[in-house]
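First the structure, which I've put down as structure tokens, then a few questions once you've had a look.
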Amino acid sequence: MSDVRSLLLVGVGGQGVILAGTIVASACLRAGMDVKKSEVHGMAQRGGAVYSHIRYGPRVHSPLVEEGGADVLVAFEWAEGLRWLPYLRDGGVLIINTEAVVPPAACRDRRGWTPGYPEVDVARLRGRAGEVLACNARALARRLKHQKVANTILLGVLASRLDLPDAAWQEAIAATVPASTVEINLRAYQEGRRLTFPRDTAPVDGSRRPVQARPSSRDGATAFLIDVVDGWCKGCDICVRVCPEHCLRLNGRERVEVIDAAACTGCRLCEWLCPDFAIAVRGVAPVLPDTARRTE
Amino acid sequence: MSAGDRAVPPEVSLLQGNQACARGAIAAGCRFFAGYPITPSSEIAEAMAALLPRMGGVFIQMEDEIASLAAVIGASLGGMKAMTATSGPGFSLMQEHVGFACHAEIPCVIVDVMRGGPSTGLPTSPSQADVMQARWGTHGDHPAVVLAPASSQEVFDLTVGAFNLAEQLRTPVILLYDEVIAHLRERVVMPPAGGLPVQQRRRPAGSVEAYRPYAAADGKIPPLAEFGTGYRFHVTGLAHDERGFPTQDPAVIGSMQRRVQGKAERHRRLLPPAERLLMDDAEIAVFAYGIAGRAAREAVRAARAQGIKAGFFRPRALWPFPDDEVCAVAAHVRAVVVAEMNLGQMIHEVARASRGQAEVVGCLRADGEPIAPEEILAAVETASRRGAGAGTSHG
Amino acid sequence: MPADHRTASEYRRYLRQEMMPHILCPGCGHGIVLGALLRALAGRGVDPDQVAMVAGIGCSSRLVGYVDFCTLHTTHGRAPAFATGLKLARPELAVIVLTGDGDGLAIGGNHLIHAARRNIGLLCVLFNNQVYGMTGGQLAPTTPSFQRTATTPYGNLEPAFDACRLLTAAGATFVARGMTLAPVPLQDIMAQALAHKGFAFVEVLTECPEYYGRYNRLGTGAEMLLAQGRLPEAVADRLARKTFLPVREEGAGAAAGGQVRPGLAFGILHREERPELTEALRAASGGARG
């Protein structure tokens, strides 16, 4: 049994967990191992919990990793990582993405940045795993100008801690990802493999509270308040794209925030085209700057 | 229609089973019928189409049986007592919504007039081959309340009973009879309005905010608000919590499943009693239901005339199955003859409930013809001749 | 444009805020459609106690869990039949059916056309995202020819339904098509549909970036939404063979208030007066009693 390695890949729908699991299994086969894999992807919607059990070695009987049995836990999403932590064996390796994806379907109590969602705080993981490798894979992927390869970066990190030959990984990646993305995925894999830890994992953006822009009153006419319900925003970018005055942007957490409230003309396109009811534009009577402050 | 000081006498009519069903539904307060024509149940729809508009009720012929039961459930949620009627092929189509009504706990009555099957089978001939479909036809665990009348009078009475059970238990109730009873004309005595026990569903009395459509306090059936009365709530076929919203919490789902599945079992006292005849000293019991029960009753009398100690047991509620009663019957007889118009469905339940205390033998027929008393008598005679056979564990 | 900005967000009171955020994917257009409907209801000052929303199975149907009305989430395709029973029992309620293109036009097609034929007073909003989203992006009866889905990996060989023409032929007395990119005309269509006596059908083109968009390389939800502004061209570029949806030759879209785009009919496409079923029944029932 001891020559069988147990891996657990966990995340949420849309992160490429299943694809990553397929690559790992393929790399194991290419390295001449017996491998078994079992996966669950829940609701079809993006955001449902997804996990993949993988066990490999000279001879493997069951794909299922038991609680306390995983040699390596790869968490593509922060809260999922915490949830699955009991599956890691004593002294096991935790590879965790500090990116938080609030799964809209899975848990209402994990609404973004409300008290229910666990704070992204790597320091708290100390002592809960033999080795903690935490990084913001999405931010790293963005540096490669290709957001979708965050999963491959994490695979690179995983490869650095497993005993499979580099060639097996590269062949597996090349054979699994879409042909047009082989090159960028291989770069992402190398990037992950070379990463050194610990890394700076501070949130890119510090804002935690629902954003309320101050009313604008540029010309003494009606002013507008843009209310953003942070926990409902899924970062689809629609409001940012349709705002004629460029009042909005997505922040580092992929949530919308108001950057220029004064420019808002109250056209409400952002509100009407937000599929998640996360924006409301309110008109307020012309106000002086100091009374505006009091209304906040 | 006031009768002054004198009580209104009951109405006595010669009615087909199907007509008696419609009259019973009206007497029970049914004010909505949705259905789709199918032999041999169509007379129920025709009678309801004539009766309901006069009562301020609604009749609608839907595009198929799936839609019929859907409309019935919708109307029930709107506060009306509602019913549909069909036969085997249509009953198969309805199974999707039998499950929905069980799971969402919507009271309604479904009549299945059994004809020969499977598939299109024998549209104009009787059968009793839907008894297992009535129990297990829809997918998933669910409660089943199924009544089986054996005469026009009983069709009338049990239709009223079916509505009462549906309203009290907040669940669909299935009335199961066959083509012979559907078309047989018999004397039916119908009490005047007010002369029948008519039950209404529990409606919430508390605040709108506190209403929990699926919370059963002290094992009681949760009250059901009707749509449009200020209680805004959610009804879904997904696994749901006490408020009716989808959940994936295993603890919540498990207790909800057990509560809903167990509803009928916990309220057996509300079910109509079985008919028992000459059972006190019986050595051979005949178990039969519906139309086969009528032949069985005659067979038992004939057997007694020959000196065979035969008795008769006819459940009026097939589901939940009368386990304890059948067990008690089996404890006091040598053999139980199960007479049914199928190739063996309830006989397995009888054998299970008998727990090996008595021999269980079948008198089965599935050719579109009703079972004759002579066939059952022959089975009783055979069982009697075999003497104290296997399985007689009592002294 | 709503004039009073202080009350313009009134429609949010119809949301079950404690249930939000809803389960639909980032960039999915369904929420935009719901928003337009809720604003139309708010614009008419509708009492939420007098609204029942009935839905089938699918992404769009899940929206009924998030609105604070009496809500009935039924079985796949059957919502019009449930709604028919409910409306007959309680004609005074505004009964609104939410359905998707698979729910309403494939498995539930029969129920939909018969509800239209009866001219029962329901508003049916059909969310057309051209694909089965909830089950993972399979072929829908509205998937345009040659497009890819999870079950048409080599392209769809079947033609698509034109839901509005189908429902007009079936007897719907109010038929309209809107799109998510144009929320103001959409809200106006919804308001007129709500005011209509009889069966009102509103089809809305919406986006499934997660499956349909991904399989057909149509970009993000935002990109798909913006692409609605150049529907025929954008798709003609990709297909070079067929238009995005069947072309309606006669300029019927000009009939009322909506916007017309080359090759696609938008706006109110059909409207007629015919007795509404519950009213007809009430009248006939009075006769039967008398």
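We just call them A, B and C in the order they show up, numbering each chain from 1.
To be clear about the criterion, a residue touches a chain if its C-beta (ideal position, glycine included) is under 8 Å from a C-beta of that chain, and two chains touch if they have at least 3 such contacts.
The structure presented is a predicted model; accordingly, all values stated were derived computationally and were not measured.
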Requested in this report: Average the C-alpha coordinates of each chain, average all protein C-alpha coordinates together, and give the chain whose average is closest to the overall one.
Outcome: C
**Report entry** Remotest chain, chain A as reference, centres from CA atoms
**Finding:** B
Report summary line: chain A to chain C, mean C-alpha position gap in Å, rounds to 33
Query - Where chain B and chain C are represented by their mean Cα positions, the distance between them in whole Å - result: 40
Query raised in the report: Per the centroid of Cα atoms for each chain, what is the distance between chain A and chain B, given in Å?
Result: 54
**Report entry** Residues of chain A engaged with two or more neighbouring chains
**Finding:** none
Requested in this report: Mind pulling the residue numbers of chain C that touch at least two other chains?
Outcome: 19
Query raised in the report: In their complex, what parts of chain C are in touch with chain B?
Result: 19, 48-50, 52, 54, 64-65, 68-75, 78, 80-90, 92-93, 110-111, 114, 281, 284-285, 288-289
Report summary line: Within the complex, chain A is touched by chain C residues 1-2, 4-6, 8-9, 12, 15, 19-32, 35-36, 39, 59, 133-137, 180-181, 183-184, 187, 210-211, 220-222, 225-226
Requested in this report: Mind listing the chain B positions that touch chain C in their complex?
Outcome: 32, 34, 53-54, 56, 58, 60, 62-64, 66-68, 70-80, 82, 96-97, 100, 226-238, 245-246
Query raised in the report: Can you list the residues on chain A that touch chain C in the complex?
Result: 14, 43-47, 102, 104-105, 108, 111, 222, 224, 229, 231-232, 234-238, 240-242, 266, 268-269, 271-278, 280-284
